[in-house]
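Handing you a structure now.
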Amino acid sequence: MMSIALLPRMSRITPWSVAKWTLAICIAIVAAFPIWWMFNVVFADPGQPVSLNPRLYPTSFSSGISNIQRVLTETGYLRAYYVSVAYTILTIAGVLLVSSMAAFEFALFDFPGKRILFAVVMLSLMVPMAATLIPTYLLVARLGWLNTMQGLVLPGLASAFGLFMLTQFMKSIPREMLEAARLDGASHFQLYWHVALPLSRTALVTLAILTFMKTWGNFIWPLVVSQKPEMFTVSQVVSLFNSPLSHTTVDVVMTANLLAAVPPLIFFLIFQRRIVEGIASTGSKG
Amino acid sequence: QELDYWVYSDFAQGEALELQQSFIDEFKAEHPEVEITISGRGDDDLLTGQIAGAASGTGPDVFMNSTSLGAILVEAGALKNIYEDWMAMPEEFRKQFNPDLIDMCSPEPEVMYCLPYTGYGSFMYRNLAVLKEAGIDPDAPIRDWEDWKAQMEKIEAIGKKAVPDMSQTWFSVANAYSGVAEPGEWGIDFENDKTLIEPDKLAAAAQLLVDMKPYSTGTSEDDQATKDLFMSNELAFIVGGPWINPIFEQAAENGDLEYDWVLVPGAEEGKHGGVKGFEFIGVAPKENAGISWLFAAYVAEKSQMSRWAAALGRYNSNDEALADPEVSGHPLLKITNDAAKNAIFNRPPFFVEAYPADYWSVLLDGIASIVEGDETPDEGAARIVEELDEVIAYN
Amino acid sequence: MSSLEITNAHKNYGAVEVLKDICLDVSSGEFVVFVGPSGCGKSTLLRMIAGLEEISGGEIRLDGQVINDTDPARRGVAMVFQSYALYPHMTVAENMGFTLKLSRAPKREITEKVDQAARILQLEKLLDRKPGQLSGGQKQRVAIGRAIVREPKVFLFDEPLSNLDAELRIQMRAELALLHKRLGSTMIYVTHDQVEAMTLADKMVVMNGGVIQQVGRPLDLYDDPDNMFVAGFVGTPRMNFLEAEVAGLNAGTVEARLSGSDSGLRFAHGGAGLSVGQKVTLGIRPEHIALSDHGGSATFPLSIGFVEELGESTCVHGEIPGGARVTVLSHGARFADDRQVHTCFDPAKVLVFDQQGRRVRSG
Amino acid sequence: MSSLEITNAHKNYGAVEVLKDICLDVSSGEFVVFVGPSGCGKSTLLRMIAGLEEISGGEIRLDGQVINDTDPARRGVAMVFQSYALYPHMTVAENMGFTLKLSRAPKREITEKVDQAARILQLEKLLDRKPGQLSGGQKQRVAIGRAIVREPKVFLFDEPLSNLDAELRIQMRAELALLHKRLGSTMIYVTHDQVEAMTLADKMVVMNGGVIQQVGRPLDLYDDPDNMFVAGFVGTPRMNFLEAEVAGLNAGTVEARLSGSDSGLRFAHGGAGLSVGQKVTLGIRPEHIALSDHGGSATFPLSIGFVEELGESTCVHGEIPGGARVTVLSHGARFADDRQVHTCFDPAKVLVFDQQGRRVRSG
Amino acid sequence: MRLTKSLPNFMMLTPFMLLFGAFFLYPILSGFGYSFFDWDGIHEPAFVGLKNYEMILNARSSRIAATNLLTYVMITVPLGVSVAFGLALLVDHFQGFWARFFRSVYFVPVVMPLFLAATIWRWIYAPNFGVLNLILGWFGFENVRFLTDPDVMLYSLIGVDVWVSAGFNMVILLAGLKDIPRHYYEAARLDGANKLQEIRYVTLPMIRPVMIFVVTYSFISALQVFDIPWLLTGSSFLDYGGRRDALLFPVMDMMGRGFGRLGFGQAAAYGFLLTLVIVAITATIFAFQRKKENG
């Protein structure tokens, strides 16, 4: 009896733990299945109908590869990738720089008009993006920025969300840290550059990731701004494939879609910890 | 000079793109100072881009679109009046084109908004494997709707589907309706603010849609799923335009599909349904409209259009090109041609006035409520026509 | 090594005056400690010296020069913060050298100075670590090192040890004392721990409510406080205060009657500034009250409420007739039970305060 | 009022054993305090009693019944958490009555019991407030009130005062002692503040590394520790430990030679368990070392390193020959300067420990 | 004087404020201006006063859109948040690797671009032969026309919506759960609370601020619903909202009026009305929240 009591207790199998695991796994299937399915459609024996064939596992590696080759070579997909990547990277860099500078001020200093300015920016979080789409488009057109990278990127840089998030975060930078730097002789900009920025790394990474997801998936803005094929983004090229009149079969359509999903998926796999924790911290603090 | 040339996305893929690109190259050989970029777009993007482009003065220079959207584009100021350029062209150029279509582009005297370009007529693709499996002889023509429905029943009996859900898009509704109606009984009479749709004929078409419901896949003819079903021998019939053919052709080459095409069955023997439409090529009212016009005229010209038709079997509005013996033998072109003979126009009249935005949704919602069983076809059709008149009047 | 003079300094936050007419001289090489209850303005005063808070009125001079409006970085002061305020993304060496880097000092000079400071603080082995990998005491040392590198005229410390645990605090306290001896610099130190203040200070500044209450050597403040606040604030357990009325003035002694009772108390006092019938407060430290089993003249019976036996010392809390609460501190003796005992006040150690709480000195 | 017996209790987290073979009897009405350094397992033991941690081995009995697997709510224990753990969305009354509400007690009974507890703790006026509107001390009282309402057999406290500031802590400590007197319930209390432990405990349990080191009355532990850990842990300043070697055994006294020096020390000890040549550690409390200006037999010269003058007491840190660090605590005397002084160890107060740190008692 | 002292502050703010002014404030204000004009984007705008607003408020389509939106929001917000909360509780019951694993898997849909999610779900929802219908078929259910049966379409949309957003909200709620000090649960256990009562009396009240954030955020996004129904129904600017307008929502209606019918004035008015509604609802939530906190 003694020896039994001394054994380290194994996690016992109770009805509750069975239910817990079953539920968790079922939901995991629901969450991941659609993407798995898309993957399987791409990597399936050619000519097999998708209908009547649930595609639970990939059946042909080579046809997937040839689908991918086809999409990459026969269309402007690669160029669109390049545009999308540039668009995304520039947007991320711009958003981080511009909103961190503003957040630095809003979070850590007092100056006349601060509350009003901040309130206005925050109010903008509630304005539906569609309400500004058309006037913004007209402005960009008037500036002659259609079909240009700056036309694609600049309007997305003043991210109220990013400002909000970074401000929240920077508020937690200890005032003493800045004072120490002031005593060390740092100028205003040096405070930002040497202290505030490095200390906000987590928040910056989170914002970068969120911006990535939003920019990569952005559909409507590129649609109106980049009208020339050499400025098409991935979302536009994919929508060509998705269009009812496109001359393509399901596997090719799904290939185009899958390729569009690859960067975010890879990004997620690499950074999942930070993404999830970053979002968590913004949400639970906001 | 740089010209942006926008086309439907299927024109900017595969073989069609090669051909378009060679037109461009040839044109550039004659006019070395121009750069021409072709870009393909979905129907929706095409319209949005043109309108947005017109609003901001940055749209494409040369573009195609459906004649059915002409009036909107005219309103948007996206189309240049090319009457003078047209008249400046030599007589032999002008007489290549189908005169009816030229009229269509010219709603008023001395006004001409476009050059007729390509076109289509709708017909019915048949999956022969399914038919054979259902014990239907593909060589026997489908006499009428009753015969058609009888075939559907047989197909249903072997657990396959006969048709896509034809009540979902105006295009397929029009295809059904055209089986009873005459070309003049579709569209809007803008002078009297009345729809031209005949209530009893609409009711008959609606009845057909109701009858077809049990045999349908539930997907619309535009859905990729529909084509997938057809290619995987689950679906027997698709009514559609020639643009669907390339993927079927591809599948047939791979040996996965055996199919043919026939005219859309009509309500009675001898009557056939079908919708036809045309695309035009237009020029934006911008500085380089001059060279744009030349380019538009070039691609619409006989030698280009005959190559187009020969290679793709696609219909166009250049009568001389279609008459070219090398072309007329193309089977796809032949069926399109046949279909076009008794088909109704897609959204007539063109370039006159834009359709009220609610028009199509009233029609489709009404059909939907009949098919869902909320109304009888007769009641529903009468109500639809009434409502359509209201919508037109309100506009 | 530099002297600091503060004259009539004021500080307002909006309408609230948090520092009132502060005058203070700090001589070169002195270790000055500010103590006082929370919110009394210690940090504010320190931060004004550092230049982190604007001064609302008055003057601060360092080596004779007014520095009221000088940029904090140019004052020649260095500050060590309670939370250390180390830059978490820089190594120890980078933290210490940051100020030199900002002033574009040559690399060699930076390394040299950092190494030197590191040697003083025995941080040589930690130079490549990040603050996150240091213990509390090490962080504290780095923070001091960062100050040393700046070679300041005045070191400022704002409760530098309050984040450490008790044991480490005692150790770091000793190290600080040593450092002061070694560098000989002027240091100003804020704490609200009086043990820290008593043990470190050359000069202790007791503040309350934005006003300096007394300045002096720690033991002077302990033995000879200027007012009730200082008397009560310095020393644990707290000084006992008894309300009383002057009953008689003799040569060298004063007779007082405790409020609420008939008991009289006679103690040594010159009598200057006192008159018969005057209400006063008597102060006597717990260790100056003796306990005995037998009553006698000049003793009061004590009804014991609560005894804290800490081994080496015993703290007895109780009431004397008249209801005044009295704490008695004794050493060695153990109290087995709550017996009735008698207290005997050391008549030489009784302090007198007037009704405004000001000390009435013997003469 | 209930008695608690713990026999051979173990606790493992995975492979780590954090409590080893704990045996403890708590009699009815006793106030038991667990002390020990951080991480020694105090909280874990308490939580095992509460039923919040499973017990890996051994038995816990309450009133003779094994409660190893009883649901926490049914054990008849109540716990007061360090962080109070008051439900922030409920009023004080709701917080206190929550347990009764869950057990579906009638409304009237709830109000009655809550009112009664509130009266005991003088919380009557706060019953409608939310915890957010209370001061630290009031929160603490509500947390205790919540425990009282449950009318538990045993009260459990896990460092209930450590979130309060020093002054309030002393006050609440007195209140707790009073409460214990009044309710007469069994209380088990965890702290790592030894003053709290010494002043509150009927029975003090010193733990280290998951093992109970000694159990007893506080002063017994102070005067007569079982081992070096207890000797060093109880009492501030810490006991001085000197490495030595037994040089001679006489009747009633032992002669020892301090390591690293020739000096000898003679002290009272029966000699049982000691042999000549044996290495031992001698322990002597700072207050049992006297300082004098003149050397003499049985004195050691002390080179003073650091003096802490706290007014009432003076703590002198220094080294004796052989390099051992010694702390001396004296009262009254003031040390003006760091002169050379001599230390004199009270021979009656020297404790002896063997090399395993176990006390070698006199006989 | 104060202004010159704040000069460095303003300099750092300038880039953001310039961009914000140019690409947010200016468009929104000019949009507000356009809302009083009849304007097709090409010709000179003609002032029409409140006519645009009138037309929107009277139109059949905006009524349908509003009704759809109301039903949608009333279901999707509580459902979405409940599902997310349930997931958070579930994941919270795992430790270490598995907790991270499930958390990541549940988050995967959030990472997908919306256009992609819609494409996939169109296939999954396909009638007769779609994966979902196939699975339902195994259990003997009749074919459901998820995207063409007007009675079902809204729920299909909500399904996708929950699939897309649950992971996001879950992660936030999970962080909220982790922030609840363990002692509250222990106190509740000692007080005799069972699991459900713990959720009711500890978890829910303690997670309230996070919950409010999640609900508010969900509300704001739900009111702007656009991409998913647009793509699910294969909408275009000429034909949107799906069969019998079952998936017609205000933002879609607005886009259609703007680009489909060149009613940029109307679209602007629509956008302004929508903004008003969203601001009002958010403000209400916050006011409610504040009242509860103070009360």
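Labels for the chains are A, B, C, D and E, by order of writing; each one numbers its residues from 1.
In this text, a residue touches a chain if its C-beta (ideal position, glycine included) is under 8 Å from a C-beta of that chain, and two chains touch if they have at least 3 such contacts.
Heads up on the chains, UniProt names are A = Carbohydrate ABC transporter permease; C, D = Sn-glycerol-3-phosphate ABC transporter ATP-binding protein UgpC; E = Sugar ABC transporter permease.
No experiment lies behind these values; they were computed from the predicted model shown.
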Least step count from chain C to chain E, where 1 means the two chains touch: 2
More contacts between chains, D-E or B-E: B-E
Chain A and chain C, separation of their C-alpha mean positions in angstrom: 55
Chain B-chain C separation of Cα centroids, rounded to whole Å: 92
Approximate Å spacing (C-alpha centroids) for the pair chain A, chain B: 39
Touching two or more other chains - residue numbers and ranges from chain C: none
Residue numbers of chain A (touch at least two other chains): 50-52, 138, 239, 242, 244, 250, 253
Chain E residues counted as touching two or more neighbouring chains: 41, 123, 126, 128-129, 234, 264
Parts of chain A lying in touch with chain E, wherever the complex brings them together: 20, 23-24, 27-28, 30-32, 34-35, 37-38, 50-52, 54-55, 97-99, 101-102, 104-105, 109, 111-112, 117, 120-121, 123-136, 138-139, 154-158, 160, 163, 188-189, 192, 213, 216-217, 219-220, 235, 238-239, 242, 244, 250, 253-254, 257, 260-261, 264-265, 267-268, 272-273, 275-277, 279-284, 286
Residue ranges of chain D in contact with chain E within the complex: 47, 50-52, 72-74, 77-79, 81-83, 85, 87-89, 98-99, 102-103, 146, 150
Residue numbers on chain E that touch chain D, as the complex places them: 181, 183-184, 186-193, 197, 201-202, 205-206, 208
Touching residues (chain side chain B, partner chain A) in the complex: 4, 6, 8-10, 12-14, 37-45, 48-49, 52-53, 55-60, 222-225, 227-229, 231-234, 243, 246-247, 250-251, 254, 256
Touching residues (chain side chain A, partner chain B) in the complex: 46-52, 74-75, 137-138, 141-142, 144, 146-147, 223-224, 227-230, 232, 236, 239-240, 242-250, 253
